[in-house]
């Protein structure tokens, strides 16, 4: 487990526990009590720290190297997953994956960004930055979902759409734009979950849904804090300031009505406890699918329009 | 017979007077102001199409006195209470309003084009770089709904640097918002023509600019999703000048037709005739 | 005008006329009468030759370097043409062009193969062999036609779909297949005209229509005679034999009910008289558009299905 | 300690007996016939999937004794009275019929797959290279119409060298014909699953094989439009072995999923559950 800067108290306690264990290969009951005490301390510290993360700290948690990725969610939340490949046009982008999945009693089409765990995987996935063919693959699968009236579950975790010359050449803008229009009109329920990084156009490109859920330490932003800082302050190191100004945390987004619900992560973040994370995410998706399954498609599409039409704060 | 030919002395170029000359921002040629205006701010030397204000566009586009604004009172807000090094977004936007007389980066309305009633939305780059924000999205939505209600072709002129980050996620949400109304137009078979002018980039390129029945671009307009600098950093090499131009997008299949400014009105009129049912 | 091998009698007469003219810069009335006589002869010869072309000769006429190409038909038949570019996915194939067009009183979407006249053009167009993006551009325009209920006019003139590795990589098979299915169900009238070469999958990829017209010296085949000869006889020079066996002429195809009508070309072939060709082609298209415009779309689509469902000769 | 290790004498390979051994056509490994059959004619050394007869397919695919043929009496014809160097098409086809017991390159029918009623069409490469002709198209059409009428998922196993040129243009017309019935299935939301086996090329790849809701391919199957030799002549260079394989098509976005033969039935069953409305 990689600890982050602001987790220093936790790291300190971990070291002390490790030291004690090393010094006392057969610990006395006193030492054991001390270790127990330290562990309680550790949890208390995590609770305290995570209860009050700054936006910039949240960004770091959302990007944590051990944060669960789409394959973890699939393994933890779906009782079945049949991956389907390709956009039927150009390629099979690894930065975006999808397929048929079963969550609880619901058969769905699941799509989402893939960041990759190992370096090799990350390179294959463009570090979670999808290409036009990724968005087009997602769209193809969503249209398949629409045809057979399967709900769509969309997992968002991307730094942004891939900014390469080839992606541009093959119409990154068109691919995202088309998804926005098609998703707005898709005649089947759509549940969106921002699990890690919700990076700008790359996120919203699969982010138009009836229910938008967000993990408590995920972020969702129009631009990366670093990007924002370098444009507005001409200083990329002011990312923390930008993160603050941009209102990118789940709490802020809930109050702005951009998301509908926060899925609480276990103490110390999703990366510290996969099983609990999967359980709570699974339950949340199921609950919302249940709810949407009782509404007519016509009404769902109408409400989705109204939901996004209402987004904005103007005079 | 060389001695017949008198060597021409280079004529000392007169120092261009700013009141009667203008310099083309692209090729630097000096052009009479009158001519420049008559040519709709298009350089006759290099075909550079200068950015226009919304008013200039409407004047070129619509029949005289036919334009009536829609959602004119909608104005920018400051949902995040955003400040940066140079001050608050609110004051910056207010200053912009003072300079341009605009409430937002888009002007929407209805009017006649060679007698055909149309709904138009025209972005104005002067207002915070034509950035996409709440006010922009709402005006777009209301215009779109007007077009839908009255079954008028909806013509949108984009000119934008992208999302307005001072409105954070709210600005991002204008992308699905605008596309949602376009989905309704599509369903009702109300024609939607997207005209991309210089520049059409970022969030605008990745939303309403790219889902038209017909995509028109002005010559040499910059059109693209990611910024050139970001892409160059990603691929670690310089991009050619032609990258992300209207001509590049035509060659790669994302623009239907490049139309010179002087032909825009007539071309739109001709195109609309084919989309009348 | 390039004369073909089997036009030797015509070439001979032409030479004699040229000789006469050269020898008599100011011809006497006798010479003038002789020239007139020769010209009549020439026409009689053309009539005779073209009345009875072999299939292989017809192939040569269909491929004649001066045969009218799509741009000629557009110029000669349409009072307006607004070319629209691109597939909105990858590119703007020059081997397939299209746009809005007006033919008589009909506003239509016109699509078709482009072979190119000059060498430079030919290279740009892949000699009329369209790529997947060409078929996808055509489909995009056909869907636009469907949306605004414009009839589709499709002009076929291709040696076949481009057999390149890149075309294969981008799904030549998928692109053609999708067009076949989409055209079968397209809710707007479709008039197809085979103007030159109807080459196999590359032709049928835009060839599913309600009315299939064919110029009298065009050909339409499942494989080129050369290709057939080299497969079946292991001898490409037996193309004439193959052309015979394959039944590729308008007359044969009419009797096989694969086409609905033959558009007669002027004496000596379309390449000898553009204006007459354009007139007869324009009139024919108009007549069929008129007819189709009086039928409900529902019925048109139903009949189109029945038309293609009935194609086949089996026991 | 090298002297401990006894050099292994190369064991003299027993001359493989044809009655109990089989040689993998791909890697040339010798495999017990029993094992080969048990493995459904898939090489356990190199995963080569040998071509199957329609009967072998149906036996693997459908529940025992559930298969009932549709359009069984439809047979090839000779619309062009075609002859080539080796004789007439009619006699060649008749000879093929004698050898295979088939009337055409496809067998169509209905049956149960883990209890689910399905309509199937299975091509058999033995009949004139699985070529697409009038009889093929008609059987396909009738099966498709049966699937439509009974709302049964339609599963098609392709194995074809392309159009049957002996039927000339008529064979080409089977491409739109088969796709037309698939358009009807699509409209009615009847699932259509295309399974591409070795080889799926030419007119079959450019028609019904490529317009499925779901595209399955068997491992290493050859799938493509143009022939390798034609392409190599066009581009004047050699193509890699991986070109036009199932894996190549997966990577380029045209195949959803590659399924080993032993998993085919279960996978189809699982997939169909998602396409039930």
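As written, the chain order gives the labels A, B, C and D, with residue 1 at the start of each chain.
Rule of thumb we're sticking to: a residue touches a chain if its C-beta (ideal position, glycine included) is under 8 Å from a C-beta of that chain, and two chains touch if they have at least 3 such contacts.
Small disclaimer: the values here were computed from a predicted structure and weren't measured.
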Exercise. Between chain pairs B-C and C-D, which one is joined by a greater number of C-beta pairs in contact?
Worked result: C-D
Exercise. CA centre of chain B versus CA centre of chain C: separation in Å?
Worked result: 41
Problem set entry | Length of the line joining the C-alpha centres of chain A and chain B, rounded to whole Å | 35
Exercise. What is the distance, in whole Å, between the centres of chain B and chain D, each centre taken as the mean of its C-alpha atoms?
Worked result: 53
Exercise. By residue number and range, which residues of chain D touch two or more other chains?
Worked result: 252-254
For this session: Mind pulling the residue numbers of chain A that touch at least two other chains?
Result: 88-90, 170-171, 174, 178
Exercise. Considering only which chains touch which, how would you classify the arrangement: line, ring, star, complete or other?
Worked result: other
Seminar exercise, completed: Touching pairs of chains in this structure are A-B, A-C, A-D, B-C, C-D
Seminar exercise, completed: Listed in rising order, chain A residues that touch chain C in their complex are 88-90, 136, 170-171, 174, 178
Exercise. Touching chain A in the complex: which residues of chain B?
Worked result: 74-77, 79-80, 82-86, 104, 134-135, 137-138, 141, 163, 165, 167-177, 179-184, 186-187, 202-203, 205-211, 223-227, 230-231, 234-235, 239, 243-244, 252-254
Exercise. If you look only at chain D, which of its residues touch chain A in the complex?
Worked result: 189, 191, 213-215, 250-257, 267, 270-271, 273-277
Problem set entry | Residue numbers on chain C that touch chain D, as the complex places them | 161-165, 167-174, 176-178, 180-185, 200-201, 203-205, 207-208, 220-223, 228, 231-234, 245-248, 253, 256, 258, 304-305, 308-309, 311-315
Exercise. For the complex, which residues does chain A have touching chain D?
Worked result: 80, 82-92, 100, 107, 109, 133, 137, 144, 147-150
